[in-house]
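One chain, chain A, appears in both complexes that follow, with chain B as partner in the first and chain C in the second.
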Partner chain A sequence: MERKEEVEEVPRGELRTLLRNLRRSRTATFGLIYVIALVIVAILAPIISPFDPYAQDLQNRLQPPSFPHILGLDEFGRDVLTRLIHGATVSMQVGLEVVLLSLLIGVVVGAISGYYGGWADMVCMRIADIFLAFPSLVLAIGIMAVLGPSIFNVVLSLVIVSWPYYARVIRSQTITLKKMDFITAAIAMGASKKRILFTHIIPNAIPPVIILATLGMGSAILAEAGLSFLGLGVNPPIPSWGSMVASGRDYILQAPHIVISSGLVITITVLAFNLLGDGLRDALDPRLRI
Partner chain B sequence: MLAYIFKRLAMVIPVFLGVSVIVFVIMLNTPGDPVLVRIGLDPNVSPEKIEAARRELGLDQPIYIQYFKFLVRLVQGDLGNNIRTGRPVAQDIMEAFPRTLILAVTSILLAIAIGIPAGILSAKKQYSAFDSITSVGSLLAASMPNFWLALVLIMVFSYWLKLTPLSGYGEPAHLILPTIALGTALAGTITRFTRSNMLEVIRQDFIRTAKAKGLKESVVTFKHALKNALIPIVTVIGLQFGTLLSGAFFVEVVFAYPGIGRLAVQAILQKNYTVVQGAILVVSISFVLINLLIDIIYAYIDPRVQYE
Partner chain C sequence: MDKDKVLLEVRNLVACIETGSGLVKAVDDVSFDVRKGEIVGLVGESGCGKTMTALSIMRLLPEPFGRIVGGSIYFEGQDLTKLTEEEMRAIRGNKISIIFQDPLTALNPIMKIGEQIVEAIVAHRKVDKNEAKRRAIELLHSVGIPDGEVIASQYPFRVSGGMRQRVMIAVALACDPVLLIADEPTTNLDVSIQAQILELINEIRRKRGTSVLLITHNLGLVAWLCDRVFVMYAGKIVEHAPTEALFANPYHPYTQLLLKSVPKLDSPRDKLTTVEGEVPNLIKPPSGCRFHPRCPYVKEFCRTVEPALIKVNTDHYTRCLMQDSRYSGEWK
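Let's turn to the complex of A and B:
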């Protein structure tokens, strides 16, 4: 498995080549465009959404899709499209925070583990093993059960369960890089250990992790939706895709549009991140494209 | 082989200890005072009574002693009592967990039945229309939230077509929709993995040799390529077992299927923390044990592993 995650490094000047490689794949291009669009929607949510996400119209609750409510109204008569748009902000926020924080912990732990080896490596990796021993969502559910629902707690619980994956990949990258000639050259030139680690190893270990981070965005968004679906994620009435599926569940016969639209948005979003991640893997490492 | 098994077993013990520490720490922080839960919400309770209850629950002792006692009880199979019913938690779990395992096994079987043939065909016909559709389809399957798929299945097959029971447990028909909801993502993962492994294997020298010998295409595909491509899939299924157990927490809730996932989620909503703790421990430990078993099977099928 680990061998698959190892990908050749891409020097910074090759970003353009990377994008060109990415554009060759239609599915990856779709993923990229969707993700960019979603980021814009998430940032501009208050401006572009047609209605107030909290405004209730109890007379017309559960109204099916029609003009001007293109995706209909929910059980409190709130506009579904508006709530999906605001839900994008929550999903992207959770996804980004989870990925960046896990990446930060993963880089620190993985680089120390891989570079220094010995007992530091031993301790770090045994700790990672313990966290990996839990089915990750089960651990997240347990943590949320104790902490109680909130966006901050969702991020915290998902970081706790996802950092070991990043640490492992960074560690194996570091071990591979450590043996390379340019590191030997740097040592020969008298570079300090700290300098080698921060200016040579870490920057070169990052590109393969970009793939993992992209796929991680998808899993974090899926996990947040799941926790919110169980009532353990984002607190109502804050719009979250997962809690929209949960509340639509009670009206699945009278108003299937709530469950269908919110679930589709989750699916397409996660799919887009997965397609982009796959495309990045192919673009970063042509060997794997076969 | 025996040495390898012992080595793997020795590696599992610290992991178990670590898992127990983490679960213990999480549960130390449960909201609500276990002492008050024990003696009820009597406003006139005397300080002596509170003190007695604290002592009874062992809460007057230092944390490491509390942990040690927790560990000793755990090894004896004592997971404490259900706060609401007073029944031993172990009994609740013994009832619910086999049902989850049944669901997990049917889901794995479904995923294998779809994923392996689809993956082989996709690899054999690389870059064909079938391959592209399978590639996107398998990724789509893995991207769908299983709780949503479960609801859509209920909507279509139970409400509209009236083919399957809505929810519940007892008859084989009750397993159909939960199995599809839980197995779909795994089917996608297995398809992708089979495809990429087959592609890797068919490019190797021994396959060229087999073809050069004039063996039939089907013999090369099934006897030479597939056999080698399938070995790593065993590991993937083991690793995915965790995802499957997590998934059961959602699918069981939607279908009111009385497994360990529904037990745990209901317990969380009722603040019944001993049950939550027991469920998380049992699910995690079984995940570790299953991976241990798979590692040993793997080493048996592929002796190279033992020397790494």
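Let's turn to the complex of A and C:
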């Protein structure tokens, strides 16, 4: 009897619905495809890049785009396309590590704040406020100046400036969830506080943060490029988009292809993450669901 | 069976809840008991304190606004109001389970049904995962879901309301509790499903000997299912009796009006009787008898004299001055 009712309900796989809603927006679809392509490029960089990123050809330095160097050579005669491809690995690595670590800290701090409230909430949120009070890039520059340039330090400094955003979102999610019926039902079932936090609250609090994490990828990549541009990021000669813009800047008139190609890649990548994030926000909006 | 043995005894329970506009005594000096294997109904309008009573027994009053202010709740000899949170946790879901009104919101939306039942089992029993899974499917069978294996692997939003309520009951029965509190278990279901769920509750009592405290505003359910009934009004018990006695001979005007407002098939289709007026504001409850602003038989002294529970028959008590020997002459 009830079986019938069950069939009538539209089967909606969460992921499938999400993708269907995403595809409705052309810009979000572009973001998604670009990001997937970038991930593949970043992983397969050593295999797909046509040249060695460190091989110098000083006789042909600053060579404009031509075959076989499609995007030309840089000031040391290294292939620009190859260095852009390897730079993708660095950017994605930094972006992913920053987002995942910030998310981890954000979840722990935010969930404790929101769930236990009172004194713990007060302490955690005031610490977050202190970090939020600084302009984040200035704080990151300061930390990098103290720690010295390296990929690890870039990740560390960017995590320090970005975790409070995640903590705040998780905290507000936790506070909302805490009052929901199924949490009361879980307590009524005899579940311990720890169990309620880990199996009921945190898994339900994470999905909305995915939007923030996607946007966070874009800004982490941009911040890394910014730090590398200032010489505070990734150590040369490791290829990084930001340092490519910085070194290309000296030859902007003789060889504009270096600045243009690396600048464009940064712009499009950040744009793609933002479009994907916006698309996800719309796709996850319950008002758009059918 | 030891049917007369009292399982749960609530004595002079007072529970308050803080609201924006003041402190509300939602449960005011409530006493009742549930015996082994018995289904007891707690009946009243919305906002009369039924759910607050249920939440008090489970010690689940919404913190920090709600709290038990006085009285005691004896369950299997111990006073639940005096237990620590950890001791209480060992009882919740294990000895006493509760089914909530809305099965849609009372299940975790992103956790498979099977996992939620398994969680309820492992919260109190030391069993390995496969054993717990097997028991979860067994439980689904016992609440009338034949293809338990399939349903166990579904998310709650994939199944119908009636099915979800069955799942809730399966979760509640996971550790074979001795007392099941059902808070409006059928309010959000359509009528044919309602009957099935009630039949299921009755069957659980029959087969497992589980005592049930059924909280409802629907007197039809009470007549059909309950052994004894407690009628609650504005935070107080106003009448209680074995079901048949209450339906045959209601003494309190509120009970009488409630019974009259139940639609019946065999009566002429006139206008339905309603209980005039509104549930009183419990921040400032009416003086004297709390029902006096709505009572059709109200007399002057009803406004000032607070009635006590008066014995009118074996096991039948009512809180009305009409039954008080000092005032009974007034209505003649």
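The criterion applied here is as follows: the second predicted complex is superposed on the first by the 272 of 290 C-alpha atoms of A that agree within 3 Å, B and C clash if a C-alpha of one lies under 4 Å from a C-alpha of the other, contacts with A are read in each partner's own complex, and residues count from 1 in each chain.
Here, a residue touches a chain if its C-beta (ideal position, glycine included) is under 8 Å from a C-beta of that chain, and two chains touch if they have at least 3 such contacts.
Only a predicted model underlies this, so the values are computations on that prediction, with no experimental measurement involved.
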Partner chain in contact with A:203 - chain B first, chain C second, else both or neither: second
Which of chain B and chain C A:275 touches, first, second, both or neither: first
Touched partner set for A:187, first chain B, second chain C, both or neither: second
Chain B versus chain C as contact partner of A:17, first or second or both or neither: neither
Contacts of A:260 with chain B and chain C, given as first, second, both or neither: first
Residues on chain A lying within both footprints (that of chain B and that of chain C): 1
Residue numbers on chain A that touch chain B, as the complex places them: 1, 27, 126-127, 129-131, 133-139, 141-143, 145-148, 218, 222, 225-226, 229-232, 242, 245, 249, 252-253, 256, 259-260, 262-263, 266-267, 270-271, 274-275, 278, 290
Residues of chain B touching chain A in the complex: 14-15, 18-19, 21-23, 26-27, 29-31, 135-136, 139-140, 142-145, 147-148, 151-152, 154-155, 159, 199-200, 203, 232, 235, 239, 241-243, 245-247, 249-250, 253-254, 264-265, 268-269, 273, 276-277, 280, 283-284, 287-288
Complex contacts: residues of chain C adjacent to chain A: 58, 60, 62, 89-94, 97-98, 100, 102, 105-111, 119-120, 123-124, 157-163, 168, 171-172, 174-175, 192-193
Sites on chain A touched by chain C in the complex: 1-2, 5-6, 9, 11-12, 179-182, 184-192, 195, 199-200, 203-204
